[in-house]
């Protein structure tokens, strides 16, 4: 069952707890809720997180068995963990998984042993340059184990023997992912994809999950031309598995966005698809340019989030990534400082609004034909032009009408017209609406 | 009967009246002569103006009856006016059409009435920000009437009753326009179009009419490759009517320019055609770039003068607009300050020269083939290269010869060669002439 | 017999004469050796120079008889000179060819006469702006004679009678040029061409001859994919003659460089081919951009060295020119100051290395296909990706692997990938090599 956007906001906004209730606050609440869950690319942490999101939107959970082929890959064993700690010779627990799921390297194999610090050190990860932060480390495809801790704590450890325990399991099971599909008037679809495989990291992981949840709820509320698909998946192997299992769906993808890092205070950043000039690339650039706020547009690179898979040469999908500060460019990235204090309601809300605007452009970006292409039509008698002439230059709304008429020759889409005219898409789209009402514009291909 | 350019200059230059006789002065004289005539989109003011121009060049006057269909439009009723005034309760005439044709809103319906200032005010137009100037207003397609006056005068009017008289008529008649056609070697033609529908406005209207008159006279003097057509028309409805009545002529238009605002002291400005890279766009840009003077090149926009109609999507003609300061960007625009003092001989003369240069480029811009395309031909024995080698770099004339030979492969026109080489078109064209004399260059397509 | 690069370096490096033996020094030695030889476009000076180079690389000498047709040209008569002087009335030799081969205008006809200074002056060439330098002058295609001398000396000549002697001959003979061909795996070939027709000029002429000699020796040492052809020719007529006699070879030329002015201290300069975006143009630009040193890239112009002929419209070969300071832009150009002191070992060596890098790009620039185009392949299990995830951004070598996989769709060559990624070609080429070893990449067109 899907909640409406306002129900969802209400559900997630505990009364009295937040001063300015709204979508941003509600997204932040969801982040706070999911923060303690130990997610990885498989296992119960991922499953629990998706079940919580299922309460918000009509999510379908898929379970893909270990060993399933996905192109060059196989779905790995399922990893679960119940406890982990390091205890010194005095019996004091010096590192405890229960304090932070970052303390254990993701996919660590089970360990029950005792060893001196000199040996244990090979399994300890810290950040000398950020001595108070716990790093995030994984070892999905190489069997290994490890603990992550602050460099300050590592430095303070006595030489001597330590009890080392990781109560984990790495066994045949499933890869779990979530999917929401909102059908529109046409089967051409937009893909929105977020990764859900990181443990206690907020901007990188939880912010994207929260935004995607609210975006799905928001789009389900209104009738849309295009169809929309939302994927909540583990990074890399999740996208690879989904693509392998859904090759015929792929051909319907007209555009897409990979969601991540949407809660930090930095400016919006759009990373183009491999194509570079796809409709999604132009729509995102258009919205950011007209936002009146700082922004950055980056060229495609085959590193990053799951755009790496969607833009692999065999698919070459028109999928970009819309973030705030990109991965690796904020100091908190992949550390314990990427916590609920780092992400904020205001940027989350602004990010959501930006996504909505970009998707609106795609949904409304049609190509029309001027039904009266020889000279301008007489706009005055239709109430579309000022009666008294000679005065100051026309308002932007008037210019939008002239631009739509002038360029609607069946080759310019509304986004093309917006970009060439320099006017915002919303104004161009609205002018097209008025002209259609007067029969001065029709969809391309309507006439025989 | 067409006057030669020099006869025309002589005719229009009253002896002893101007110190530096020349084309600029002659154009200015024509502007001064036509200034008092009350022109509108139809009627005797337009007719009289065109008859005066007919005395200068071989103009054909066309009369198109009211009601004639022109695409989405119909030719409107003919408007004429003999008198108009506002008289106060003391019998004093406070606004008098005879002082300025700007005082009456163009196409005002007849009025003979008496009303208090409070009611009259709804029909009075002024410019609070330019309190000493009379604005220019029209109401062609909405039946209305109005007076235009300075804001200072409006402020000084007493409350009380006023006699309001507009002796106008709005009746079936004709739309009048003028046309000059100068046939060349080929029927491909260049369209030069100016609007003639404004009353006492000099830069916006009369400067374009004067330049177009002198341009037609000038082009008629020499043998040209292309044909040339000059339209003296009312804005919008004139272009629409001409296009509707001349659809088969349209297919022969290879380029065109809309003339207006060519007498003010600002730098030359070229507004590109909707195509943006048409030959006319490149020719105008080339001439301005090599002029050694400030200039500006603007992208197309579907607002402005009759390029709006020529560049409507059903025609998409390669027609730009070459002005000095564009409409609406000079403070005198559409006010009584756009008077004979605002336009000057020097800029008029420079504008005319620029038009001539642009048309020369179009006329001479042919594509040739190097008859000796393998390596350079031996230029020295033909006297086309210095005998003594080893000296300083070749002169530009020499470089022009090398560029024409190198690029004349049947795909580069002379304008392409000029642009790629950075040399002025005149120099490239002259080099091509020398090479043709030596049989080293021939027209594309000459060989079977 | 071809010497190896190291043998050649040893042969040309006299023991004890130079402090830092190496290729740069060896090239400089060759320049010093050839400096006194009086070269022109034909004759024994050219022949002797090529025979000296033949001792270094497997050069084939070609002799083309006077009168042979070459497109619009004919091979001229052969010019030789044994002596020339000007002697004053006191019997003092004031200008002596034996002091500098620049003293006689190249292709001067024989003269044995006596004349007053007033008459002789018409045959004397000097540089008033560089009064201590002897200029370089030629008169290949106009029968004439002349002497070149410093302006200071010209100014010091007494009025009075002078004995003027030029013991030259201009008779049917041959045009001589040298050619080295190094076959590779494929017959597609790279053309390297240098002019050898200037007398005592080092940067303009000898530096190019020396670099081309060492480049041929260097390329002959290793197995190459492409074939390479080196031309040592007189300027203009040499290239024209070679093209006329080798029209079927021309079709195999995939790229080329004209070598000149490679020994001065200025930054490297690449002048593009007429095509502007040929593979050679992109390869040269790539190498210069990644060199870490200042450089300049220029557009094609139909003036310069033999790229004028190779890029004539009937051939339009992808041949650019890679120099240091271009012809005419250094003060020593075509004067006696372009001597062995002006060219240096270090820039010669750097120029040679740059040529080698550019040719390496062409040789290795193939287009591959990712054999696993759907999503990324699992690089970790092949040792091509770090086992522990979550850390700092990948090294450039890692990014090179991702870029090659992402763009190898059969349309991007390795140079295309290098340019789009911003990484150096060598790194991209090396990544492609590793991926081929793992079967993740194969040559385009391998599969049926």
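Letters A, B and C mark the chains in the order given here, with residues in each chain numbered from 1 onward.
Assume a residue touches a chain if its C-beta (ideal position, glycine included) is under 8 Å from a C-beta of that chain, and two chains touch if they have at least 3 such contacts.
If you're wondering where the values come from, they're calculated on a predicted model, not measured in any experiment.
Seen as a C-alpha superposition, subunit B sits on subunit C after a turn of 120°, to the nearest 5. Under half of the residue numbers at the subunit A-subunit B interface are used by both copies of the sequence. Centre to centre, using the average C-alpha position, subunit A and subunit B are separated by 55 Å.
Chain contacts: subunit B has no residue touching two or more partner chains.
By the touch criterion given at the top, residues 370, 372-378, 380-381, 387-394, 399, 402-403, 405-409, 421 of subunit B touch subunit C in their complex. By the touch criterion given at the top, residues 70-73, 105-106, 135-142, 144, 146, 236, 239-240, 243-244, 274, 301-303, 308-309, 311-316, 328, 334 of subunit C touch subunit B in their complex.
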